[in-house]
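First the structure, which I've put down as C-alpha cells, then a few questions once you've had a look.
Chain IDs A, B and C follow the sequence of writing; residue 1 opens each chain.
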Amino acid sequence: MLDNVSTLKTLVLGRKPGHSLEAPFYTSPEVFEADMEAIFYRHWIYVGIEPDVPEPGDVATVNVGKASVLIIRDDDNEIRAFHNVCRHRGARLVGEEKATVGNIVCPYHSWTYGLDGQLVHAPHMGAGFDATCKGLKPVHLRSLEGLLFICLADNPPEDFDEVAARMGPYIAPHKVRETKIAYQSDLIEMGNWKLVIENNRECYHCEANHPELTVPLFAYGFGFAPEEMDQLDLENAQRYDALRQASHAEWEKLGLPSREIEELDSRVTGFRTERLPLDGDGESHTMDTRAACKVPLGAFSSAKLGGLSFWTQPNSWHHFLGDHIVTFSALPLDEGRTLVRTKWLVNKDAVEGVDYDIDRLIEVWTATNAQDSALVGMCQQGASNPAYEPGPYSPNTEMLVEKFVRWYISRMTEYVGQ
Amino acid sequence: MLDNVSTLKTLVLGRKPGHSLEAPFYTSPEVFEADMEAIFYRHWIYVGIEPDVPEPGDVATVNVGKASVLIIRDDDNEIRAFHNVCRHRGARLVGEEKATVGNIVCPYHSWTYGLDGQLVHAPHMGAGFDATCKGLKPVHLRSLEGLLFICLADNPPEDFDEVAARMGPYIAPHKVRETKIAYQSDLIEMGNWKLVIENNRECYHCEANHPELTVPLFAYGFGFAPEEMDQLDLENAQRYDALRQASHAEWEKLGLPSREIEELDSRVTGFRTERLPLDGDGESHTMDTRAACKVPLGAFSSAKLGGLSFWTQPNSWHHFLGDHIVTFSALPLDEGRTLVRTKWLVNKDAVEGVDYDIDRLIEVWTATNAQDSALVGMCQQGASNPAYEPGPYSPNTEMLVEKFVRWYISRMTEYVGQ
Amino acid sequence: MLDNVSTLKTLVLGRKPGHSLEAPFYTSPEVFEADMEAIFYRHWIYVGIEPDVPEPGDVATVNVGKASVLIIRDDDNEIRAFHNVCRHRGARLVGEEKATVGNIVCPYHSWTYGLDGQLVHAPHMGAGFDATCKGLKPVHLRSLEGLLFICLADNPPEDFDEVAARMGPYIAPHKVRETKIAYQSDLIEMGNWKLVIENNRECYHCEANHPELTVPLFAYGFGFAPEEMDQLDLENAQRYDALRQASHAEWEKLGLPSREIEELDSRVTGFRTERLPLDGDGESHTMDTRAACKVPLGAFSSAKLGGLSFWTQPNSWHHFLGDHIVTFSALPLDEGRTLVRTKWLVNKDAVEGVDYDIDRLIEVWTATNAQDSALVGMCQQGASNPAYEPGPYSPNTEMLVEKFVRWYISRMTEYVGQ
C-alpha cells in the first residue's frame, strides 16, 4: 500500500525508461485513485458516438471511474453532457445505459430538468427556493466527426481543437454520423486500464495469440528486429513497405488522407493515426478479408480502402474500414478491472440479414477481444506477484507501448508536481 | 479516503444546515467505522421484540455492525442479552438467527454457559482455572412494552426510561407481548444506513414511488408548500387537518394516546410518535384499507384506529394498526449496505389461513420496501459520483429528514469533540 | 485498522502468554501483510511433494500469498522452483495447477525459458538485448524425503538441513517418492491462517466435533486434566501411555523411529513428530481402522504401524500410515481465508478400484476437514466481534497451540525489532 503523495511522486519520477511500470501502478488502489484524478477526470475521454443518441430526447449514460455522465441529444439536435446526479438528494437520474425522454425526471422526488439541464420543476420546495442555480452540472463535450469525447475538468486541455482539425479529414469520409450501431459488446477485463492500453499498443503478441486478426493484418506491420530476419523475411518486409507507400499515394488521390500522424507522447491529447493496407482481398477486418456489409460507408465507391486506425490517449482505439467501423473505449472500474466497450458501426441504411450478417461482422474482433482479455488478466496476476519487476520493451515492436507509458508518466509528473 | 479524526471532525463541524450530507458520510469506510463506534455501539438500538423469544430457552441472534448479540429468554421468563462470543477461543456460539437451548454450549470445545450467562462447565481446564470470571459478557437490554432495545456501551444513555415512560402508554394497548411473528423479511439495501433512515423520514417521494402505500395513507399528511397549492388543495388540506384533530380526540376518549410527541433531535434517545387517520375504510395498511387479520390486537373493539407510527434514532420505525403491527430495524452491514428487517405481528391467537392471509397482510409493505430499496440504491450511486454535492431539503416535506441529520451531527460532534 | 509498524509492534510485544491472540492478528489486513512478509516470504513453506511432478517436464504451480511459484522437474530429474512471472512484461507463465512442458513459453510474446530457468528465446528484442540476465528468478527449494519446501527469501533459515537430518529417518521408510496422489482436495476455509493452524494443533475439540477421526484416534492422546478424571479414566490413561511406550519400542525394533521430537517453538524451522498407536485394528485412518490400500507403502511387512504425525511451522501437518499418507498445507489467501490443500498418497503401484477405493481412503479426513472448516469459520466470526478478547488455553490439552503462538510471536518479534 502507498502512504502518501510523496510515494506516488517517487514512483512516477523513478520510472525506468524503456521498461514496463513498477507493480503499484497496476495493483495499488491509491495509484488508481490518482489515475482517476490526474488522467480520467482531467483529460479528453472517448465515451461514444453521435449515433448513441440518434434522436432528440435520446440519452446515453457512461461511467468514467465513479462519475456517471448523461449524453443527451436535445430538441435542437445539439448533443450535451451532464453529470448524472440530482441536485436535490443526489439520486442517480438515469440508471439504464440508453433511454428516451421528454425531460429528465428524477425518480426520487420528481425534480424535473429540461434537456438543456435547467431545473424546470421542483415540487414542494416553497417560495424561497431558487431553481436557477440548481440545474444539472454540465460536462465538457466535443464531437470529432461523430466521435464523442468528454472532459470532467473545469478547464479541459486546450489542444482538442487542433487534434480535431488534423484528424477530422482522416475520419470525415467514413461519416460516423451516418452510421448505426450494429452490435455492442461490454467486456470486463481483469486488469488495470494501463495493461489494457499497453496490450492495445503493440502487435508483438498477435502472432501467438490472434489467429483471426492476423488474417486481415500483415505481420510485417507488427515491427521486427532486422538482425533476426533472413533474406526472404527482409525482402517481404520491403515489399510490404512498398505496398504501404503505394497505397497511401493511391488513397490520397481518392481524397483519403492516409499517412501517419504520430503524436502519442508529444501533446496533452496524445493521438496517432495511419491508414494501412490489409492482406488478402484487402477490404475489411473479416475472416475472408472482404467487406462484411454490402452498403459502403459514406460515399465510397472502392471497397479496397485498407484500415484507418486511430488511437487516443488515454483510452481509445478505432478501426475505420470501407464497410464498417470498430470503435473501442477502455473505462476503468478499479485497479484490477477495466470495461472494454466495443461498437461495430455500419451505414445506417444497411439492413441486418440483408446487407450484413452480425456474426460475420463481429467475428474477428470478438475473438481478438477475448484473447486480449485473457492476456491482460495474466499480466495483472503477474504484476501482483512480489517477484515481478519491470521488464524491457522491444525497441522494434513495442515503441508505441513505450510512448503510451511515457505520455502517462509525463501527465502524472505534472500531477504530482515536478 | 479519510486520513484521521481531524478530517472527520472537519466534515462533522462543516455540515451545511438544511442540506443532505457531504459524500464521505455515505461512502467512506472510515466514516462508517466512526458511525459504528459513535452511534451503533453507544446508543439504544432497536433489535427485535419479545415474541422473537416466546419460550424459556429461546435464543435470537442479531448482528449490529461487527457485534453479534444473543437475546435469550431464561427459565424465569426474563429476557437477557449477551455477546455471542465464547470466552475460551472466541468462537461464535450460536450461528442461526433462532434456536432453542437448555444451556449455551460452544460448538468448539463444549464450554457451557447457563441462560444467565454463567460459565457452568469448561472441561480439561484444570484446577487453576477460575470459571467465575469467564461468564458471557452481558449487553444492556430494555423492553419498551415488548420492543427490545440493546446498548453495547458500558454506560448507556440514561434517558431511555423517560422515553419509555412517555411512549409506553401509546404502545401498550397494542400488546406486543401477546403477538406472534406472522412474517419476517430481511432485505439488504445497497445504500448507507443513513440513506435508509433519511428515506424513511419523508413521504415527499411517496406519490411518485409508492402506489400501494398511498392507498391507506392520506397524501395531505406528507407535507406541502402552501404557496404551490390551489384553492381546492388548500381546502382538502384543511379538511385533513380537521379529521386528524377530531380523530385524536375520539381515540383519546377510547384510552389511546394519539397526539404527536416530537423529540427526534432534542435528546440522545431521539424519537417521535403520532397516531394518524387512514384513508378509505381507515383500518389498516392493506390494499383495501380494511383489517388484514380478523382477530384484533389487544382488547380493541373498534377496527378504525388509524395507524400509530413510532420512530427512534438511529435505526427503527414502526406502524401499530388495530389488527397488526409492522416493525422495522435498519442494521448497517458496511458503508454501502444495510439490512432492513421487517416483521409483521398479529395476535398470537390468530390462525394463518383462517384469521389472516399472509399475502394480503404483507402486500403493502413488501412492495414499499422494494421501492424504497431501489431509491436508496440510486442515492448511494449518486453519492459516489464526484459531481455530487449536498442539496437542499424541502422546508415543507423533509423536516424530519433534517431532524435526523441534525441529531446525527450532534451525536457525532460529541464523538469527535467540539 | 492498524496505522503503522509501532502498532503492530505493540500488539506483538503485548501478547498475553497462555491466551489466544488479540483480534487484529486474525482480522487486520495490515497484520496479514506483515504475516506474509515476516512469516510466509521468509520461512520454509511446505508446498507439495515430489510426486506432484513425477516426470521430466512436469510443472506444478503453487501460490503463497501473492507469490506464484513454479515447481519443475527438469530433464535430469532435478526438481527446481522459479517465480511464475515472465521477465518481459510480467505475465503469469503457467495458469494451471499442473502442466507438462518442453520449455516454459510465455503465452504473451513467446519468450521461452528452459527447464533450468534460462531465457533461450526472446524474439524481436534485437542485437542489444542480453538474454543471460533475464532468466526466471529462482526460488529456494528443498526436499525432505520427498516433501517439498520452498523459501521465498534470498537467505533462507539455515536450520533446514538439521531438521531434515533429524526427521529424515522417521519419514524415509514411508517412501514418499514412490507414491502417487490418489486424491487431492482444495478447501477454502473462511478463517485466518493462524486459526487454521491453531485448530490443527489440539484435539480438545475432537470429541465434540470429529466422530470419524475419533474412530482411529485414542481419546487419551488428546490431553486431559488429571484432577477432573475418575479412577477408571486414570487407569485407562495409564494403559494408553503404556501401550504408546510399548509400541515405540516395538516399532523401533522394526527400524522405524517413533519417539517424540518436539521443537515447535525452539527453532526457526519449528517442527514436531511422534508415531502413535491407533485404536481398533490399529492400521490406518479409516472408519474400520484397517488399511485402505492393499499395497503397503515402502517395504513394510506389518500393517499395524500406527500413525506417524509430523507438524511444521508455519503451515503443514502430515500423517504417515502403513498403507497411505495424508499430507496438508495451509496457504493463506487473505486475512479471512485460507486454502487447505490435502493430498492422499498411496504406493504408486497400487491400482484404484483393485487395491484401494477412493471413498474409503478419504472418508475420515474429508469429514474431518469439513468439520474443522466450520470451526475455523466460527472463530473468525468471533474474532471480528468487538466483544472478543483473548481467552485462556487449557494447560492440559492446548499446549501445542500455545507453542505455535509462541513461535509465531517470536518470529514477529524479530520482524518488528525488539
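Keep this in mind: a contact is a pair of C-beta atoms (placed from the backbone, for glycine too) under 8 Å apart; a residue touches a chain by one contact, two chains touch by 3 or more.
All figures in this text were calculated on a predicted structure; none of them were measured in a lab.
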Task: Common touching chains of chain C and chain B - done: A
TODO: Pick same or different for copies chain A and chain B, depending on whether their interface residues overlap by over half.
DONE: different
- [ ] Please compute the C-alpha centroid of chain A, do the same for chain B, then give the distance between them in whole Å.
- [x] 48
- [ ] For chain A, jot down the residues that touch at least 2 other chains.
- [x] none
Task: Contact footprint of chain B on chain C as seen in their complex - done: 1, 20, 198, 204-205, 207-209, 223-225, 227-228, 375, 378-379, 381-392, 394-397
Task: For the chain A and chain B complex, residues of the former touching the latter - done: 33, 41, 65-68, 83-92, 95, 107-110, 123-129, 134, 137, 152
